[in-house]
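In the two complexes that follow, subunit A is the common piece, with subunit B as its partner first and subunit C second.
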Partner chain A sequence: MKRALPVFWLVLLLTVPLWLRDQYLLHTLITTGIFTIAAMSLNLLLGYTGQLSLGHVAFFGIGAYASALTTLGFDVELFAGFRVVHQPWPAIVGFFVAIVVAGVSGYMIGRLSFKVRGAYFVIVTISFAEVTRLVALNWVELTQGPLALTNIPPFTLGFPGLGTYTLWNKVAYYYFVLAAGLGAYVVISRLVGSRIGRAMIALKNNESLASSVGIDVTRYLVLAAVVSAAVAGGAGSLYAHYLKIIDPDIFLFVYTVTMVIMVITGGKGTLAGPIVGGIIFGFLPVIVRDFAAPAMQWILYGALMIVIVFVLPQGVVPAVEHWVTNRARRKLAATILAGTAKPGDGR
Partner chain B sequence: MDQFLQHLVNAVILGGTYALLGIGLTLIFGIMRVVNFAHGELYAFGAYTVYLVAAALGLDFFLGLAVAVIAGALLGALIEITLLRPLRTDDIDTVMLVMIGAWIVMQNTELMVWGGVAKAIVTPFPDTPLVIGPVSLSWLRVFVLLVALVLIVGSYLLIHRTKLGKAMRATFQDRDTAALMGVNIKGIYTATFAIGSGLAAAAGALLGPVFLVTPTMGDLASLKAFAIVILGGLGNITGATIGGFILALVEELGAGYVSSGYRDAMGFLIIIAVLLFKPTGLFARAERVG
Partner chain C sequence: MQARVASGEVVLSIEHVAVHFGGLVALADLNFSVCDGEIVGLIGPNGAGKTTAFNVFTGFLKPTTGEVRYRGTSLNGLKPHEIADLGLVRTFQRTSIFHDHSVFDNVLTGLHRRGRSTLWDTLLALPREKVAERELVDHAHEILALVGLDRRAAEVAGALPYGEQRLLGIALALAARPSMLLLDEPVSGMNLSETAKVMKLIDSIRGSGVTILVVEHDMPMVMQVSDRIVVLNYGRIIAEGPPAAIQKNPDVIRAYLGEGKRRA
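Right, the complex of A and B next:
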């Protein structure tokens, strides 16, 4: 049963375009998938190392801009006549450039930000995100500023011996996002399941104890930031090429808040948490849009966030797991009492 | 040079309201250790209250200012009692998440009630500017600076000279001992948050007529307030006052001589620089890392 469950979900996800004909729902599913990937990356920092980065949207946005600019090309003057000219490259290259550029930004911002902890870390990360937003808004020569980067071409995949395939429609993007999501999931789950992941959890639980047993705290935090930023950058690239237009609003704080709400609601520090939270908050607008204006929807999200912190501080996934184990225990206890099983069965 | 004097005067006037924002947050963030993302929303709330009283209801502008400060303090007390009191023993991140929720709810309530279009508040001050030598400034701005200075001095006296201020300082130095000495701890927490909120509302009420009132005006205000508190050192009222003026000066000169587009980036660059190079703030007092 436990082994069948992931297979069931995978088959369900793979067959979605076969039975889902509603283009709006498919679109929601794609954007939900992109934000879920971003939430998964945030969870690596927030859930596993315990660092609340509220500047996460910076990496998402950096990835989006890096990918779009790689694909569209640019011609900027850096200083006194020194020009950097870049000819357009294929979109799929942009995707990998986005991952690398975001990862490098994660390294640099991580190195600086992890000098402080707690509230100061939060504020430094917000500051970095706001500075990137203002750069995107004001460096018009590179980013077009508020005019936005438009006509971002879709991804084209090349298959050796089979020719190329361009992702023109939603179904194709759905599968591409799904594949990227699975990739991100595998990377993150391998990482947190490894020795490195255990070191991260150790320093979340007790940083001074972790460093006293020889865990190089800054190194692991920066590593988590790099992986997290790289995954977020990839998600940003997907977003840019799917919507075909990006403007500096991509750096708005509300997107970080969306990711945080997804992680907190689903359950930080669990692999399934951001996915569950992502699906809940991705589809909430679909459910409430008929009777609630956007402002009302946000009020609902904010209130829900407060309620979650008060009622389910660990999030949905740990609460469900807790309920399931408790039920199994009660069942076992009942069978022991009835004399049909010995203690130790079902372990 | 003339331009420089004008920038300097503008910075002083803006600095007064920034100092109010900073003092309010240094009480809440510096002393209570609540990372208050709703601080900017109380600033916006103050501005909208003045708009409601003075423009929408057509009553007196000065009455509007007083109502804004009192309503801001009451709203702060309500937030403290309903959201923060039950979470007193929880960690700083949990409280931060709740305040983010409160911030989203408040901002979007403003958007729903007032709409997204910016509102202008008309004041009873004459339109002709006051000209002193090469510097010209509006009467409204002079009034804003005077009120801000009165409130700054008032809050300094409140914290350092009154019994309530003494109880506040005692509570945040050592909660248990203060309780044993007969201090009403719950009341002190509520009062501190209410005073901080009232000051934020006052800052919004004063700057609302100078600029325009929009639902998102609180976002930058929150982050600027954090910059001021970090610059001045946690819980340090004098530091927050000086920090407010420094931020205003840096913004004003940055906008005047570097680029007006990066005006709002100055605060963030200050935050990053201070936390990385002198994390105890310019006016060191307490430990910072951890």
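Right, the complex of A and C next:
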């Protein structure tokens, strides 16, 4: 059962373009997938190390801009006539540049702010996101400012011996985002299931105890920040090349809030949490747009969020897990009482 | 030094350590040392500075003046995890376990220092990682068996009875493979049979070559397990010696019972 479930979901996700003909729904799936990847990255920090990054969209936006600029090329004067000129590179290179650049900025933010944790980390991350937004807005020569970077080319994948393939339609992007999401999931799940993940969870739960058994707290916090930022940067790159246009609004606080909501409602500190939360809040607009005005939609989001936090404070995934194990236990108890099983069976 | 079984040279030396919190003197000019293989009991009335001393030795608190050395290395300025890496590991006075995790996962987390797998081993799922994880699992079982919690392995740590939570705290410290163990009130709140169990455990830990410094309020217990006793009062050492001598020491009796007797 535990093994069959992920396979089932994977097969379902793989076959979606075969039976889903609605282009709008497919578009929603792609953007939902991109934000779900970002939410997964946030979950690594928030759910496993306990640090709330309220500027997480900065890494997403940095990834988007890094990828777009690598692909489009630029010609900027840094100071006193010193110019940096970059010729356009293939989009797929931009994807990896985005991951590296976002990871490096995650490292810097991690080093700076994990000296002071908790509320200070929250403040540093918010400020960082705001600063990146202002840079994107005002460094017009590099980013076009509010005019936006446009005509960002699509990804082109090269297969040795098979030629190249350009992602030119939604179905292709769907599979690319799915593959990226799978990659992010594997990286995060391997990490949190390992000795490294145990160290992260330990420092979240009891920092003094963790350091007393030899866990280097700062090191693992920074590592989580780097991986988290790198994954968010990759998601940002997908976003830029899928929409083909990005502007400084990508750094808006509301995107961070969206990611946080996805993680909290799905269940922070669980692998499936951000995915479940991502699907709920990714598809909510689709469900409510037929009968609610845009302003009403926001009210509905807020109400739903509050209801979920009140009813399922741990999030959807832990609540379902709890329900399933309880049911199994009740079943076992019933069979023991009926005399058909011995205690210890089904463990 | 009147150590009964001091088998070797000094491993932990505390030289002129003082801790001031503002105007309050928590520790005033502390000087003592622990030899290899010894069990030393650190006792004193409430507020004497015992836990403060532990915090200084393990890097959780910086001494205002003075120096702590472990096996020749100065601990000044080192972080707790760096001190643990040197083999000096502590337990905490209040229950110090990861409450939401299983007993087994607690010990597995404690084994962090023994893990050898790197970030890349983990991300690429190299066979090395699997081997290393299996070793850790074996170690965890060994440690749980040693402290007698093997049958509790699957239970949630926070749901254990108090005495067993304390044992798990010791198991966590042991998992970090200490060459010297600092136990902060290991038997506080335990009943007689649990206390006897811990005393046996302490003995077997020493038998495996680990030096032990123990803070404890339970006098019969600490007098029985220790080779040597150091008595603190108001941040100063007022007596030091074998348990039998300490029990008769008039200064120690006065520190614990006050001076009421003389006036009465």
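Note that in this section the second predicted complex is superposed on the first by the 347 of 347 C-alpha atoms of A that agree within 3 Å, B and C clash if a C-alpha of one lies under 4 Å from a C-alpha of the other, contacts with A are read in each partner's own complex, and residues count from 1 in each chain.
Keep in mind that, in the parts below, contacts are C-beta pairs under 8 Å (C-beta built on N, C-alpha and C of every residue); 3 or more make two chains touch, one makes a residue touch a chain.
Keep in mind it's a predicted model, so treat the numbers as computed, not measured.
J.: After the alignment on subunit A, I want to confirm one thing: do subunit B and subunit C clash, or do they fit together?
T.: Subunit B and subunit C fit side by side in the superposed model.
J.: May I ask you to decide whether A:311 touches subunit B, subunit C, both, or neither, giving the answer as first, second, both or neither?
T.: neither
J.: Determine, under the contact definition given at the top, whether A:4 touches first (subunit B), second (subunit C), both, or neither.
T.: The answer is neither, since A:4 touches no partner chain.
J.: Which partner, subunit B or subunit C, touches the larger number of subunit A residues?
T.: Subunit A has more residues touched by B than by the other partner.
J.: In the combined three-chain arrangement, what's the angle at subunit A toward subunit B and subunit C (CA centres, steps of 10°)?
T.: With subunit A as the vertex, the angle is 80 degrees.
J.: Which partner does A:18 contact after superposing on A: first (subunit B), second (subunit C), both, neither?
T.: neither
J.: Going by the contact rule set out at the top, does A:209 touch subunit B (first), subunit C (second), both, or neither?
T.: second
J.: Can A:337 be said to touch subunit B (first), subunit C (second), both, or neither?
T.: In the superposition, A:337 touches no partner, neither subunit B nor subunit C.
J.: State whether A:126 touches subunit B only (first), subunit C only (second), both chains, or neither.
T.: Only subunit B is touched by A:126; subunit C is not.
J.: Go through the superposed model and pick first if A:85 touches only subunit B, second if only subunit C, both, or neither.
T.: A:85: touches no partner chain.
J.: Could you say whether A:195 touches subunit B, subunit C, both of them, or neither, answering first, second, both or neither?
T.: second
J.: By how many Å are the closest C-alpha atoms of subunit B and subunit C apart after the superposition?
T.: In the combined three-chain model, subunit B comes within 14 Å of subunit C at the C-alpha level.
J.: Of all the subunit A residues, which ones make contact with subunit B and with subunit C?
T.: none
J.: So in the complex, which bits of subunit B are touching subunit A?
T.: So the residues of subunit B touching subunit A come out as 29, 33, 35, 83, 86-87, 92-94, 96-98, 100-105, 107-109, 111-112, 219, 223, 226-227, 230, 259, 261-262, 264-265, 267-269, 271-272, 275-276, 279, 288-290.
J.: Applying the document's contact rule, which stretches of subunit A touch subunit C when the two form their complex?
T.: My answer: residues 187, 190-191, 194-196, 198-199, 201-202, 205-206, 208-217, 223.
J.: For the complex, which residues does subunit C have touching subunit A?
T.: 58, 60, 79-82, 84-85, 89-92, 96-101, 105, 108-110, 112-113, 115, 117, 119, 122-123, 125, 129, 132-133, 136, 172-173, 175-176
J.: Hey, which residues of subunit A end up touching subunit B in the complex?
T.: Touch residues, subunit A against subunit B: 52, 112, 115-120, 122-124, 126-128, 130-131, 134-135, 137-138, 253, 257, 260, 264, 293, 295-296, 298-299, 301-306, 309-310, 313.
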